[in-house]
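By letter and in written order, the chains are A, B, C, D, E and F; residue numbering begins at 1 in each of them.
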Amino acid sequence: MSTTPDTPFARIGRANDELRAVRITRNYTMHAEGSVLIEFGNTKVLCTASVEERVPPHKRGSGEGWVTAEYGMLPRATHTRSDREAARGKQTGRTQEIQRLIGRSLRAAFDLRLLGERTIQLDCDVIQADGGTRTAAITGAWVAAQDAVNRLQGKGMIAQSPIINEVAAISVGIVGAQPMLDLEYREDVACDTDMNVVMTGAGHFIEVQGTAEGAAFSRQEMDQLLNLAEKGISELIALQQKALA
Amino acid sequence: MSTTPDTPFARIGRANDELRAVRITRNYTMHAEGSVLIEFGNTKVLCTASVEERVPPHKRGSGEGWVTAEYGMLPRATHTRSDREAARGKQTGRTQEIQRLIGRSLRAAFDLRLLGERTIQLDCDVIQADGGTRTAAITGAWVAAQDAVNRLQGKGMIAQSPIINEVAAISVGIVGAQPMLDLEYREDVACDTDMNVVMTGAGHFIEVQGTAEGAAFSRQEMDQLLNLAEKGISELIALQQKALA
Amino acid sequence: MSTTPDTPFARIGRANDELRAVRITRNYTMHAEGSVLIEFGNTKVLCTASVEERVPPHKRGSGEGWVTAEYGMLPRATHTRSDREAARGKQTGRTQEIQRLIGRSLRAAFDLRLLGERTIQLDCDVIQADGGTRTAAITGAWVAAQDAVNRLQGKGMIAQSPIINEVAAISVGIVGAQPMLDLEYREDVACDTDMNVVMTGAGHFIEVQGTAEGAAFSRQEMDQLLNLAEKGISELIALQQKALA
Amino acid sequence: MSTTPDTPFARIGRANDELRAVRITRNYTMHAEGSVLIEFGNTKVLCTASVEERVPPHKRGSGEGWVTAEYGMLPRATHTRSDREAARGKQTGRTQEIQRLIGRSLRAAFDLRLLGERTIQLDCDVIQADGGTRTAAITGAWVAAQDAVNRLQGKGMIAQSPIINEVAAISVGIVGAQPMLDLEYREDVACDTDMNVVMTGAGHFIEVQGTAEGAAFSRQEMDQLLNLAEKGISELIALQQKALA
Amino acid sequence: MSTTPDTPFARIGRANDELRAVRITRNYTMHAEGSVLIEFGNTKVLCTASVEERVPPHKRGSGEGWVTAEYGMLPRATHTRSDREAARGKQTGRTQEIQRLIGRSLRAAFDLRLLGERTIQLDCDVIQADGGTRTAAITGAWVAAQDAVNRLQGKGMIAQSPIINEVAAISVGIVGAQPMLDLEYREDVACDTDMNVVMTGAGHFIEVQGTAEGAAFSRQEMDQLLNLAEKGISELIALQQKALA
Amino acid sequence: MSTTPDTPFARIGRANDELRAVRITRNYTMHAEGSVLIEFGNTKVLCTASVEERVPPHKRGSGEGWVTAEYGMLPRATHTRSDREAARGKQTGRTQEIQRLIGRSLRAAFDLRLLGERTIQLDCDVIQADGGTRTAAITGAWVAAQDAVNRLQGKGMIAQSPIINEVAAISVGIVGAQPMLDLEYREDVACDTDMNVVMTGAGHFIEVQGTAEGAAFSRQEMDQLLNLAEKGISELIALQQKALA
């Protein structure tokens, strides 16, 4: 569903280049090595980092570690209840796509050699959804991973931090012909173009995934969206640092 | 794993017949018709009630409604991470057993004829586990169901409340030869007998599920456990009423 | 489906506290280490015990053995044909619940250290169903397990019998306001309360699973049901001994 | 596993062209419209016929009925326990191949137009296996189907019997260079060629499935095997008639 | 679907005992150790042979190798699109039956001891279907297997060829009362009897699978079909040799 | 696996901004409404378009049609054999991600209202893989879809073509610090950044999916890659037109 470029669409309560209120709560649950509730407005994602002293087969004996992610959505995180994937017996293509994206993005934060032969498993579970769950998940998972790494360093299990990049993610899109930062659900369903961008603290790109939901987008629109994303991500990285301070 | 009857075991910080601190937070998430976070000490379960204007095939055309439940545990709700059931492609026998128990227990609260041909779907997702997740789930799901029914009545969709019983549940067990109420995880793994009891506000039994984990238990021990359960459940029902007030 | 407490319901051909005719046929099939056809009236369950010289991962290297069970129902064991679980591609929640119950009940009969690192796999397959299949399965599986253990001892593979408890099971229920022992199908569908009880030869409880199908049940009714179960199980244990004599 | 053509192999207790003792017990279980236990020596298969007043989608509205089959083996029907297919979550290729063969063979017995829009579902479950389970299943299923048809006729639901052919099946093979009829397990594992033949009472072929397990077989051997099969099947058809008399 | 024996049916463009045009293209794709596109008229099957330096568990440590096959059909290889098995999540019974047949047939070509502990995996994928896909697959897979073996010998990995038989396969059937060789789709759907025959270059049988689709077939018809199959297979084996020359 | 930015890497036989030889063969198979073999160098993908006169549930009664895609890879399309997804029982996350991408890209070519309530199902099966299979699939599927639409128009089933955009796709990447167009396999495994771009004939973007495999990429690199993609896609669209002429 999308508007045509000239449909009037007004964002409510914030500027087009403004993030929603972001809250990062560390140690949200007690068992995980890292446990972060991240909120982008009404979107709430619980990101836990679990350290496992083993690696998948393709890394065994390599001296390197592994970082991977799984993503889920509670059945009633959404407006209408969606089927529970465990009951259906398989994850949707959307879920798999998102968890592969989170995994790749977080691996880009790590020097796996410095991690040693262990795995950091990131679980991102959406408690409440209002658009942008995958970008909130990546941004929160990075903080959870940092907490898990700090714990490993605190126990003397690793000498040097394997985290070599700060990583955050944000969505941008064109809604009613206007480029907008950090789309919420009502904007997401109305947008013509939807783009998820993952970047490092140094301002480089890890992932760019842009999709024309309605009309195809021009090179100029692409440039506007990337500009917005750069702005949003630099703000998110500051918020991550503040939460970890 | 269990102690032998003469292993000394001391409960910490509360009497053997005392519940953990119970907290019931309504409207915990924003989309569901009922959404309750229930805490039994460190155990935290999110219970949502979703109203769907359809019934499963065996109720179609009957004029009656249906109440059913699903149960899940976030992978890192526990001390060590457990596999995500959606990724494994099936629910464990334990999960199915628990969600069938929750469903039966909540149906005992309802006169399905008064509900009309609609379904109340209860989703109980464990955010953090420390023993007693199924009893917390039942106790919280009843509150979420009440909120959903209130909303249906508020909209004039049903005339008379279909909820005919208050329902709550608690675990009891014998740990180190002592009967105890509301076992937390360290007690649960040490117990010889574990019993989950579901009762109505009128003091009648809906379910009694007792299992000898170590030595088999006597009729006298059974009586002691049922006494404890009656005490705990009457307190839980008072707490439900207070939360709804 | 249940009667209200005042619906008249008459048991046919036996007293309310009387078991159905029980028949235990050992060596029913020729390959298994233990093979027992057990009949509770028209309910017929084939229970085989297979000895496997390996244990599941969680017992490897422990010096202990394992006892586990699977349960199945032939598609036309019932009034109307039910789907074949192998064709559907998964076991129902009911099947899993029952086989977990059988496994726990039979493990309570064993000192797993005396079994050595081997597994006794119990397969309980319902040839014809008329109520009480899970209790017949437990009662028959114990005899099959005894035969398998005798064979291991006969071959000198174990010195001392690992069977430390006699185990039998029976259903009890309240039908038309009357407590009844060993429900057959027409009683089971009409009952208000259904309880399965597993006990040792010494008269202690291994499992008590009581469910209100209609009205919730009182403490007094619970006591009546447990009394009936104690009576029935002591008779079953005598029948097991007679069959093994 | 197979012998080379010159390995000496002696059949025990019967001639090479002799069937094992065949027993056909009708009404073996009480719920099914047809229920037959068929024994070929130590091989025992329970064949039930269930009548269902509906047809699969490809027959809806055609005025024709359907006949189909499912096959299963109890886990300990065999020398060593095999996995339960319901627990593994899928039927093996062997199981599917056999149940497709049974279904095709039994459909050849029927004029589906005379059956009306209903299904006869045949369930063939192996209680004890000693070679020849699929041929026993076909031979027994035909008797169960006949009983189900008789019941439909007895109730006046069909005017004219839809069974237009008698159908039976037998295995033949070459073991130690000798053609043999009705292989038992120890012969089956030693044979060079194994052939299953399904025929009508009129002496025509419905299925011929011959497989070289060891050396390929000659046209002359094929002819000897078909001769043996013709002999065995005419005897089986006489036994079916006797059982139904 | 079948004609009655007296339905007139005329084959178009070739004699009843004539093969369709057969084309065998080696090295059709570049990665596999053997890669053959085989065409029987409009039926086109890509057969690849992959050499893997491991064997399945039942062959480990035996010193013997293994030969196995998988079969698939592209969704639009057929007149109307069929579901993609990977998307449905399982292979049909037909697919499993065919791939088991191909595997057995090709194993009959090999002395597995001479292969050494490695596996030849044959993948037969139908690009376009017009009847006879399984017989084309067997015939083509044998050529692909020969190419893979030649490569192993060329690299000095095996001293003596493990291929001890030439193997080819053809379908025969009775259409409109006439025995015909190599049925194409329109003949296959009209036939009364359909038989697939797999033979060695020496004229012996590996597999004979005959099925009455309509009326059962007589011993005389069987003989006519086997004669036709012998003729067709000797021609196919000559074509295989020519392709390998 | 990736090179560091300063690893020397030389493309062989073509310039960095040059496509591989592209071949588009229409009517490659005979049953499908559109059937195209597309080759990007050694990458060969068979793209078929099937017209089905029905739509999925979310489009029923809407008056609109649907376009969807499935993707598969023959097991030995690759250097080493990969598991057959149909045998494993599920599609990988990679497969699902790719087929979702193809589906979205092709829907962007269509005005679904002009298609009417029918589905165009695109099947993209990789016969041989050497990098760029998803971009070849999109480019070829567009031609197959055009052929299917032409056939619908030829039969008078639709008045006006529902195809409103030309669509093609190409990969670009940074290998050894050099931006390159249309990566083949050896370049793909060595690249630091991999980007798949889908565009319309009018030069607008439908999808941009860029991933840092090694180092994160700068805005400037992103611009270089988009420039290359624009060049490649305009050439592909010319080749599509030529093939359709």
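By our rule, contacts are C-beta pairs under 8 Å (C-beta built on N, C-alpha and C of every residue); 3 or more make two chains touch, one makes a residue touch a chain.
According to UniProt, the chain labels map to these proteins: A, B, C, D, E, F = Ribonuclease PH.
Every value quoted in this text rests on a predicted model; they were computed, and no experiment measured them.
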Report task. Identify the chains adjacent to both subunit A and subunit E in the sense defined at the top. Result -> F
Report summary line: When each step joins two chains that touch, the fewest steps from subunit A to subunit D total 3
Query raised in the report: Among the chains, which has its CA centre at the largest distance from subunit E's?
Result: B
Report task. If you line up contacts by residue number, which pair in D-E, A-B or B-C shares over half of them with E-F? Let me know. Result -> A-B
Report summary line: Rounded to the nearest Å, the gap between Cα centres of subunit A and subunit F is 27
Query raised in the report: If you average the CA atoms of subunit B and of subunit D, how far apart do the two points sit, in angstrom?
Result: 51
Query raised in the report: When the centre of a chain is set as the mean of its C-alpha atoms, what distance in Å lies between subunit C and subunit D?
Result: 33
Query raised in the report: Do you know which subunit A residues sit against two or more other chains?
Result: 89-90
Requested in this report: Give every residue of subunit B touching subunit A within the complex, in rising order.
Outcome: 29-32, 35, 42, 44, 46, 48, 50, 52, 70, 72, 74-81, 84-87, 89-91, 95, 121, 123, 125, 127-129
**Report entry** subunit B partner contacts - residues on subunit C that touch it in the complex
**Finding:** 90, 93-94, 96-97, 99-100, 104, 108, 165, 195, 199-200, 202-212, 215-219, 222, 226, 230
